[in-house]
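Shared between the two complexes below is chain A, which pairs with chain B and chain C, respectively.
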Partner chain A sequence: MAKKDIRNNDRHQQILQAFQAAVGPENVKDNPATVNAYYGDWLPPKLLGMSVPPEFVVLPNGTLETQAVIKICNRYKVPFIPVGSNQWSLTGSPNRQGTVIIDCKRMGKIHEIDEKNMYAVIEPLVTLAQLQAEAYKRGLYIGSPEASATASAIAGHCFQGMWGVGYRLGVAYRNILGIEWVLPNGEILRTGSFSLDAQNGFWGEGPGPDLRGMLRGYAGAMGGFGMVTKMAVKLHPYPGPKTWPVRGTIPNQISELPEDRFKWYIIKYDSLEGAINFMYEIGKAEIAGVVQKWPTVYYIWWWANSNEQYWTEWQKRTFQDNVKNAVGVCLWGFTSPKQLEYEKRVLEDIIKETGGKPIKQEVFDLWVPRTANNWIRDTHGSRMMRPSGTFLALRLQTDTLKYAVDHVRQGYEWVEKFSPPILDCDGPDWIGGYDFGHFGFGETDFPVEKRAEDIGDLMNKLLAMTKEDVQNGLENGIGPFLGGPYHQMAAPVFNYEHLLKGIKKAIDPNFVSNPPHNIDPNA
Partner chain B sequence: MAKEMLLPKDPRYLRYPLETPFDKEKARWIAFNCSRCSVCKWVNSWQVKSARYARICPQHTRYLYDSHSGQGKCDLALAIIDGKMKWDDDPEIKDILFRCTMCGGCDAMDKNIRDAELIKLYRWMRSEYIKALGPLPEHKSLIDSLKQYDNVWLQPRAKRNSWAQDLKNLGIKDLNNEKADVLLFVGCTYGLSQELKPTILNIAKILKQNKVDFGILGDKEICCGSPPDKIGLLDEFERLGTANIKRFNELGIKTLITPCAGCYGTIRVEYDELPVKKQFEVLHVAEYLDRLVADKKINYKKELNLTVTWHDPCHMGRMGRPYVPGKDLEGVYDEPRRILKSIPGIELVEMERIREYAWCCGGGGGAFTGFKDFAQWTARERLTEAKDTGADVLITSCPWCESNLRAGGIGMDEKMEVRNLFDLMMQAL
Partner chain C sequence: MIKELRDIVGAKNVLDNEEALALYAQDRSLSAPKKPFAVAKVNSAEQIQELIAFANKTFTPLIPSSSTIHFYGATLPEHGGVVVDLSGMNKILEIDPLNRKVKIEPGVTWHQLQQALKEHDQMPLNPLFPHPGTSAMTSSLEREPMLIPKYEYGDPVLTMQVHLGNGQLFRTGTASDKHTYGAYPEGPGIDFWRFFLGAQGTMGIVSWLNIKTEYRPKYQKAYFVACDELEDAADPIYKLQRRHIGNECFVLNRFLLAQLLCKEYPKDFTKLMDDLPPYTIILVIAGAPRRPLERIAYEEEALMEIATDMKFEAAKTVGGVAGLGTAILDMLHDLPADGPYWKTRYKNSTQDIFFITTMDRAQGYVEIAQGYAAAYGLTLNELGVYMQPLERGRACHLCFSLPCDLDSEQDRQRIATLHTELSQTLFEQGAFFSRPYGTWADMVYRHATTYTATLKELKKIFDPNNILNPGKLCF
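For the complex of A and B:
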């Protein structure tokens, strides 16, 4: 029997015509070859057959067309998912039939870079790499997530924004100023100074209560609160060159920043606690631009230029024997080379006082030029998939550095318990310090071979364990992070589910904005 | 006792199976391991110098939908291989597959983060598409021409030699009857295009002036096989390539030089897939002349006073060397730049997207023949980028790039002259 083609359905045709009228016929597609490109990524759902192709992909241009598209979705009660640059569709893969992808490919303008007031007004397709490049030219900068600077800058700001320079700049969502935002019900909301002047984004607060928290929360709104079509984001003074310094040829590129303004240290400790204590002390001294305790796999994930190099070096234990419990610190001479000299002296005192030791010079020389500056302008994050096809990032949490230690320790237990299918990784402990260490972030990342049978089995076990973990969170006030289902499962931990559900009901009465994210109001 | 390391079970994760033939299984492996990281759509982040010139993929930039990107093609390949879709399920599959200029931009960016061969995947997909549905009507003239005349320009074989008639008094050797160390492989386009005839004449003159022992095959030269290779007619590629290698080996040449980037990439890299092995070195004319420049054998007599920018042809650059996972994507990047700098009065200014992250001219992969509107849109993007450097002239050394960039420039408000590297050299000699 021939496959039933949904496109012959009357309702489908009505919706198609409505979208065509709103954005132009060439900017809506429903054909199999197009929609097939919008439901996969590195995460397990496609592999496990949990995600489905969307019914439509729509490309609005600007706020008004986006509003029209979202109103049509409400009229026909069809779910929509707004996507940014669509790099790693963390929550952008449809999980139900009939979904509309709102792709922002026609919204890639940088409206303004205000050098004097240090902010940029951008549309959703603008990537962090693009914004960084324009900012550098003006002596300004913005961070980028380690995942990759090909991410949408707006999406990056709405989501966690755990970017490499967050230690100094605060997490990305603290850098949001004015927002132009189409709510799930199709209303347009302008916040900050956009509420008074749609061209002027310099101010973030108001009017009334600061609504930016709705977008960001703990893990972003995940497309559950409509679509931001324009945002003003803060930029910061930058002591580096006007263009990113890079030499060499792909995949062996080297990036070295000026030595009188940037200086990397990789300092190791006998224990994870020792490393975290070092991070606290750096924070107290209010020095440095980047402070991170990376897991061993991060060093080699980003460094290796081929699978063969990865696994050969791993079996030689080059990184396991040298960077365990090490902290990466990049000092920045923000104001002058003198500042860098001062910070070097302070840092070296802290190293002495805390009993730290630099990693072997040969490993430092091997790793730093090729890899370390990713933390400032990322490009290698996607290498994380290389050695086994995928990885799982689990149990993300934001609290204190101290809590992060306990948190990632549980990750060690998971590795013990689930290896295999978790592959050799020497501990999954990533701990980042943000806001001068006032705020800590922990994440456990596991390499897993991309095989449906292994991942399916692992996912079931992890889900069972996460439920236990929620219980633990309820007792201790700390929750796990699981993407979309997180709010559902873990909201009680922070007791904010009622607030979140209330907001969702108010602005998404038809429950069409990327359900079930960020929370199901009826669950 | 140390715990045993837990490594992936599939050996392809331990080492990319470069040496195995590119078949369905390999195609699936590459498509399956696409993580939707989207690096195939953008210039490598470290190399992005402005918001304007941050894109790498002409097709995705023009057609916007992710289906028209490397990631989308991986999704399509996976759906086809896994039986979720058939080639004739959707007429747009043709556009997704064949509007691509096969420039290798996505492939190069992808190779920064994983071991894969996207261009080979697309070639495999095109070949499978053709097996299922036949060649594209848009490519019919090209295919007919290859089958009838062994060139892509619907011209009789005898015409291939016409450019050299003017040089008979220079005594260019006919390698069908004489011996020489160097074969100048002219290629279909330089050999048959009236527009580009001066370039091949200039190359021959420069070689003669420098007493290079070279010759040509004249009307016995046949297509290198690049166009059928790129549009997925792999049998035709094999026929032409095999015949060429056998013939070149018989000639006993030490070096084959060609001024065409498409011929160069094909003979230097793609011929390695064929059962007959080459017994000669393959160089682009730019590489060969760069050696003469380095040996101070080129004596310029005139100063040109021009600001120029160099366009890296894809098949001479990022696709000009065999792929080895983890090794630099080398190509002929520095040689033409050194030649330009050697010409008195030339100032070289660079575009933002150069070398392995260069923006394509738009003329490759069958787009020049089959999808002119898109090919010329891509060219206009490149010309605008060139104009932004402040250069007077865009220099390149590929007949497809030259022709397509010139065609794209017609009607543009701001003109950018397009010239061949060797014409510029000759002007200064």
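For the complex of A and C:
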């Protein structure tokens, strides 16, 4: 029997007409070819049958059209999801029938770059790479996003924001300045200096208590608090060239930054504790631009040009035998070449005192020119997908660096327990500091076969682990990336149920903004 | 009611005699006195919890107060009620030199904190020479600007324990997970901590706060740049901050710097007013824990190079003041435990107007302020100007100080009118009053309509009976 086409339904037609009136007929899509492209990609929801295609994809242009769309969603009580480039398909794909995807494809303006006062005002389609390129031209920098460079810069700031240079330039929550934002109830909220002057987004806080708090969290509001249509974001001083230097063609491109301003070190320790102690000392000395303790898999994920090359090199153990417990440090001469010379002397003192050893020169030469500078340019997280087409993580805790060590160790145990389907990954312990080491994160990332039964099995295991963690009062940092169902479970334990449900109810009375994210107020 | 209060905090900790209440009914601002019904001096988190339960039962306003001095009317009870005096909770609960943070109670002052951190070679990120009675916690929560703009961050707040008006005891960030060190502001849920900053005690009563500390330099040099106008200071600071040069960096005009430096009033003050330039950039170049002198050397060299390029002089003093560098460094590193407040040497109070803007717009605001000040009979030599670059110079805190004799009704009235009118004009010209105290609240929230409406919705969740400092902000 032929499946009933929802498009013949009266209610569908009514809503369609309302959207068409609001944004123009060409900007509303309900044909199967389009809607089927909007439900999940690299993460398991589609694979596991957890998400359904949306009923509409609507493309508003600007804040007022977005407001009109969200008001229609409220009138008809249909759920909507704002999306940027939709990489985070777990919360960017519908799990309710009748969902409306609000795609930002018509909102790609960079409204302003204030070079002197170091900020840019952007719309949601502007990608991290695009903004980075514009910033370079002005001697400025956005931080290296560890998501894909093609992700929406606004979504990247709202959603996670663990920058590759977070050690020096902080976490994304602080890089957000003024915001223009359509709340789930259709009201336009402007925060920071935008609240009093819609043309001037240079400052993020206030007035008074800071409503930016609603948008962020470990994994942000997940589209559960409406749609940001304009955001002012910080730019930072940058001593590098105005265009990114490259030689060769993709995938064999090589980048070299000026030697009088940048210098990489990769220093190896006998233990993870040794590596972290080194990171603490660097932070205390207030030197360096990038400080990362990458897990072995990161070296090869970022280096290999293909799945085949990945596994060939893995078999040779080039990285496993050389970079275990190594810390990558890039010194930056912000002030002058002399700063770089000073920092080299300080770093070399620290290396000597802490018993660090540079990794083998041939491995350094293999890795650094092709890969290291990506951590300054764009990081390009999608390279994590090379070995298996997907990746997962089971711990992502942020607190002190010391805390990170303890928790990646627990992460190892879980990885061991869940292998297979977790693939060989040599203790996936990614640790990075923020704000000169005032705090830091530990994350355990690993490749996993992109097969429904493997991922299904692993997801169930991860969920059971997360439940166990929550029961033990432990925030494992991964749970929040699941959105609503996790908050439902964790909120009573960490004592934020009343507050989060209260806020959600207040600004989303019809529960239309990406249900069940970020919490179901009625559950 | 008094009996219930006594049961909660102990008889000796409840003040209800006229004399005591009169002290809490006014502050150093020009706000009209507002008497509380009683004052409860608390000394534990449990007592705060009980007071909140009592207040919800009896619909009694609670006005949290941690400092022993107040300048902006924020602790005056608009609708009566009980002042919750937290100044006695003044323990430093934990110093964590490894992660460079400290956990403080509400009554800890900047001086106390600075002294305690010294032995760990650490220092707090304090604002401009705070009054000895200022609570380090309130000052951080209220986003008073740090003197050091070299970090990407503009406030030192990490995590806190807060008692909500709805009776809930809440911890923000990772402090809500007992396994952690409470070092990271983002924790389970959303960024709740943001709602307690700049809140004037209306969203919750904070009983401890974790804030960042930094290395206390052993070697440093102070440099001074004389400027005729504030705009002459902006470009050098943009450049210095962009190149990551210096620790403390700020601008004071002659009137404020003379008050800061004068030891004997009026003798020194008059001389300083004659000698000092109209504006002075104060820049401290500091050594790091390792190879401190080498760091000073390259920063100094870059400073001199910029000075030559931009044609300004970075000198060891301005106006021929002897020992200026040492004096400033001593003051920075030994905040006074008591004694007179430097900003009140000229008259017994200062009525400040402050807001956030960018440095390239600061001169325009100075001209507006000077025009208004003149119209109200303040000479150029009586208007204080302080510009604090924030976050590597991307913005600045600009503050105008209007001296006022609180004992003279005529002066009070004159300065009150000047304060209101000047604030209004600055606001209309785009000055961003991010911390809207007193009458600024109306001015600001009337314009920020959805922001205001949303804040009110949040307030209903955090403090449904509006018992916490009612009448402040938009509540």
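Descriptive notes on the structure:
By our rule, the second predicted complex is superposed on the first by the 502 of 523 C-alpha atoms of A that agree within 3 Å, B and C clash if a C-alpha of one lies under 4 Å from a C-alpha of the other, contacts with A are read in each partner's own complex, and residues count from 1 in each chain.
Rule of thumb we're sticking to: contacts are C-beta pairs under 8 Å (C-beta built on N, C-alpha and C of every residue); 3 or more make two chains touch, one makes a residue touch a chain.
Here the structure is a predicted model, which means the values were calculated and not measured.
With the C-alpha superposition on chain A as described, chain C and chain B fit side by side in the combined arrangement. Using the contact criterion defined above for the overlaid structures, shared-chain residue A:103 touches chain B, although it does not reach chain C. By the touch criterion defined above, A:459 reaches neither chain B nor chain C.
In the superposed pair of complexes, A:38 makes contact with chain B only, with no contact to chain C. With both structures placed on the common chain, the touch criterion links A:503 to chain C but leaves chain B unconnected.
By the document's definition of touching, neither partner reaches A:366: not chain B, not chain C. Contacts of A:133 after superposition: chain B is touched, whereas chain C is not reached.
The superposed arrangement places chain B and chain C with a least CA-CA distance of 23 Å.
In the superposition on chain A, no residue of chain A contacts both chain B and chain C.
Only residues 114, 116-119, 139, 168-171, 173-174, 183, 187-193, 195-197, 200, 202-203, 205-218, 221, 234, 236-237, 280, 284-287, 334-336, 338-339, 341-342, 345-346, 349-350, 397-403, 435, 437-439, 473-475, 480, 487, 490-491, 493-496, 498-500, 502-503, 506-507, 518 of chain A touch chain C when the two sit together in their complex.
By the touch rule above, chain B contacts chain A in their complex via residues 5-10, 13-16, 32-39, 41-51, 54, 64-67, 69, 71-72, 75-76, 78-79, 84-85, 89-90, 92-93, 96, 108-109, 111-115, 325-330, 355-357.
On the chain A side of its complex with chain B, the touching residues are 29, 31-34, 36-38, 40-42, 57, 59, 85-89, 103, 105-106, 108, 110, 126-134, 137, 144, 148-150, 243-244, 246, 248-253, 255, 304-309, 311, 314-315, 377-383, 385-390, 419-420, 422-424, 449-451. Of all residues in chain C, those touching chain A in their complex are 98-101, 143, 151-153, 158, 166, 168-171, 174, 176-200, 202-203, 212, 215, 238, 241-245, 288-291, 294-295, 297-299, 301-302, 305, 356, 358-360, 391-395, 427, 430, 432-436, 441, 444-445, 447-448, 450-451, 453-455, 457-458, 460-462, 473-474.
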